[in-house]
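In order of appearance the chains are A, B and C, and numbering begins at 1 in each one.
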Amino acid sequence: MDKQSNKAWLYLMPAILFLGVFMVYPLIDVFIYSLEEGYNSASQTSFGVGAYNFSYVLHDPYFLQAVKNTFILVIITVPVSTGLALLISVGLASIKPLRELYQTVFFLPYVTNTLAVGLVFMILFKKTPYTDGLINLIINFFGGSSIDFIDGPYWAKMLVLCVYTVWVVMPFKILILTSALASVNQDYYNAARVDGTSKLRIFTKITLPMISPMLFYLIITGFIGAFKAYSDAVALFGTNLNAAEMNTIVGYVYDMLYGTGGGYPSYASSAAIILFAIVLTITCINLIVSKKHVHYSR
Amino acid sequence: MRKNIVSKAIVYTLLSVWALIVLFPFYWMVLTSFKSYGAYNTEYIPQFITLSPTVQNYIDAFTAVPLAKYFTNTIIFTVATTAIMLVVIIPAAFAFARLNFKGKNILFTLFLSLMMIPNELVIITNYVTVTNLELRNTFTGLILPSVTSVFYIYLLKENFSQIPDNLYYAAKVDGTSDFRYLMRVMIPICRPTIVTVTILKVIECWNSYVWPRLITDNAAYYLVSNGIQEIRENGFGRENVPAMMAAVVVISVPLIVLFLIFRKKIMAGVARGGTKG
Amino acid sequence: MKVYLENLTKKFPSRDKKSKEVIAVNDFTFEIPDGKLIGLLGPSGCGKSTALNLICGLQKPTSGKIYFGDDDVTDLAPEKRGVGLVFQNYALYPHLTVRQNIIFPLENLKGKDKLSKAQMNEKALEIAKLVQIDQLMDRKPSELSGGQQQRVAIARALVKMPRVLLLDEPLSNLDARLRLQTREEIKRIQQKTGITTVFVTHDQEEAMSISDMIVVMKDGVLQQIGKPQDVYDDPINLFVAKFLGTPPINVFDGEVRGGKLYVGNDCIMDADTYDRKVYVGIRPEGFVLDANGPLHCKLGRVEVMGRDISVVSENEHAHAVVRSIISAENKLDLASDEVRFSVKPFKVDVFDKETEMRIHLGGANG
């Protein structure tokens, strides 16, 4: 028995080692960083211990801008993408011919490089001296006037960011909902049809409750994912997100750590912890709300 | 019957519109990548087809910027990270699924609780650690923090646990060592899951941006994501959109090909618990 | 190779603080003679599989010893004991072909025992011929029927020529027809190889039909060992009597009074023992239709089984249903309400009401 114990630890050694160095230790360290006031990464010294870093971050206009951006992004993209994905999945479930083709196409964005395709979106939306860009031409066609979505007004930039974010997160949601819909036992539908239940009633009374655990899972992961938005913004607006007023909380963390405004791991840590606290709170609220509305079969 | 046809038509229209939204950026990038620099800049109204396609942009993408270098870097990074990860997670999953040892349940619970820790929280210290070890701008620094995944250990452990105990006992009666049992029985039986994990990790590596950006500032170690950002901000002298698009196509093609080959596996794998990023 | 178990005991610690520890195998001592086929028999949960695991070494006994021949193997790892084990669900490696499955144990051999590829193939083919699956060598287990999988499992267990072959519920995953066929097959293979074989089953018919000896267990305690017919005819206690035989033995509340054995109000035979309350067990085939017989029953129904007929009737005073099997040649008056039986004395077993142990009546047994 003891021999097997030793063997087991040997098998686990690499994983424990890597997780210890790159996950457990950093996790503890980030809290230490966040409390060390005036930490200087060059001299590796700090003045003292306290909550100053948090206070600094919370009063930093860039951070507040990032929080505002992130919240707007979350509030818009999570419901829009989940609702749209539900609509598309229900549509997919109701057809037979071409279904696989559509599924394949819809999944494509998942396997593409966010940065690379973001560049394409930028081109489509950007207004340059040479061209107003394709999207503006469409707006013009319907009688609107051109807007610079990339360097223009705040709401326009936010709109592009939301559009791109939805585009990026849709494949995952469609996939999950499609498989959830497929796993609903066909007998329920047949039973309901025999009873003459209307399609809408079947959807709200049978389909939705049956897939509610998965739907809820998507909402939670959607919230978490949207709160961690960063590379989508970089893809559209470049690395200097503060200047573009398009920074996100995660972006703020990295900017504090590295780059032109970087070198402040303490501020970065405080911001990261604040983000973690926000995500945790939202997830808890989600869990409480779901208790009332999610139907678990088991 | 008529109502049925109308509703079907609405469904197909909806799906086709979304398919168009998904596909259009891809079409646009391929299209633009074949337009000549001059032609592109004179099109105030962008043309939806090009009558004089050119491969000059692709030549530029490989000569004017070190795209080939980014590409090789990414391949090295992806292959090494994925390979090391498999070597790390397979024995760990095996130990959790098959071996008995003191503290197994506590350790496994600890492992699971690590799944909740967001990357953003630990990346700060990792950045400092790697910097202090003077591993910036090295493959070691790029690779090491990404070689374990608690989630994949969990996924694999669950799969290993599904193998009936009797196979293990049968092997034991025949004097099979644990290691041989792992290699000859467990890994072959769980190959589908291992393949899935591998593919998901490859996708993740290929698209990783944040960590490489933090850890590399020397273009000789850029991965494709950073490369594309570099190209966008400093490449090709002036804004050469067609050349940029050529680079984007080159970067996107490998994963799309991989996806089309392993379509079913990837979709099933992601449905079982992949998330973006 | 004879196998000897000495005071073998296996206790499992309790799952939680409230429940007691479980004694799966309680102080076993018996000898399995060389070259015999032994059926380890008992209801589910009686510890028979644990006993098997102790013999093959997958579990370590809490106390006691196991000998193969004169070797003490108690502390040896399974692979050092030279045992072959066939699992209930066969435990074939699903990703390997039949040939690879059979060769698998041989590939574990090290040092001087190491075999070349050709030798392995030769051995595998030889054993495959013995169990008649040599035509299926390149198939995967999923492409085989249940019976064929069973043979592959046996071949894999035999390929190293074990000193002892162990089979855990070998027939329970087969359908009824295959079961009959396969149990003959197991008997044939055992006789051909002469390997001491122990198999575990909960099916008494299966155990009785092919075993040289059966071992009956209950709640971790050994009840009786012996040749199948001996155990059937001469059960040591009520449990063994009830466990063996289909249809099962009829059990009545009875009484010994003044040297006579009573069932209800009917005195069915002489009983050479002191007066007490007893259980009377009468095998279904122990009844004889007899117009003047001592046992009065109300006729229930008659089930025709071809060669025999089964008569279900009721003895009102004993409040007991009587299931008897009599030859179809007997003429039965179906119009009559009453049926009367006499009994064959050697088919009657009497058990003490308190201890449920068998009371041997003088001269009653054949």
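Here is the rule we go by: contacts are C-beta pairs under 8 Å (C-beta built on N, C-alpha and C of every residue); 3 or more make two chains touch, one makes a residue touch a chain.
Keep in mind that what you see is a predicted model, and the values were worked out from it rather than measured.
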By mean Cα position, the chain sitting nearest the middle: B
Farthest chain relative to chain B (centres taken as mean CA coordinates): C
A-B compared against B-C, more contacting pairs: A-B
Centre distance in Å when chain A and chain C are each reduced to the mean of their C-alpha atoms: 63
Intercentroid distance (Cα basis), chain B paired with chain A, Å: 17
Distance from the mean Cα position of chain C to that of chain B, given in whole angstrom: 58
Complex contacts: residues of chain B adjacent to chain A: 8, 11-12, 14-15, 18-19, 21-23, 25-26, 28-29, 32, 41-46, 87-89, 91-92, 94-96, 99-102, 104, 107, 111, 114, 117-118, 120-129, 144-145, 147-148, 150, 153, 178, 203, 206-207, 209-210, 213-214, 224-225, 228-229, 232-233, 239, 241, 244-245, 247-248, 251-252, 255-256, 258-260, 263, 266-267, 270-271, 274-277
Chain B to chain C touching residues, read off their complex: 164, 166-167, 169-177, 180, 184-185, 188-189, 191
Chain B partner contacts - residues on chain A that touch it in the complex: 1, 4-5, 7-9, 11-12, 14-16, 18-19, 21-27, 29-30, 33, 41, 84, 87-88, 91-92, 94-95, 98, 102-117, 119-121, 123-124, 128, 130-134, 137, 167-170, 172, 175-176, 179, 221, 224-225, 228, 230-231, 234, 238-239, 250, 253-254, 257-258, 265, 268-269, 272-273, 275-276, 279
Of chain C, residues touching chain B in the complex: 56-58, 77-80, 83-85, 87-89, 91, 93-96, 104-105, 108-109, 156, 160
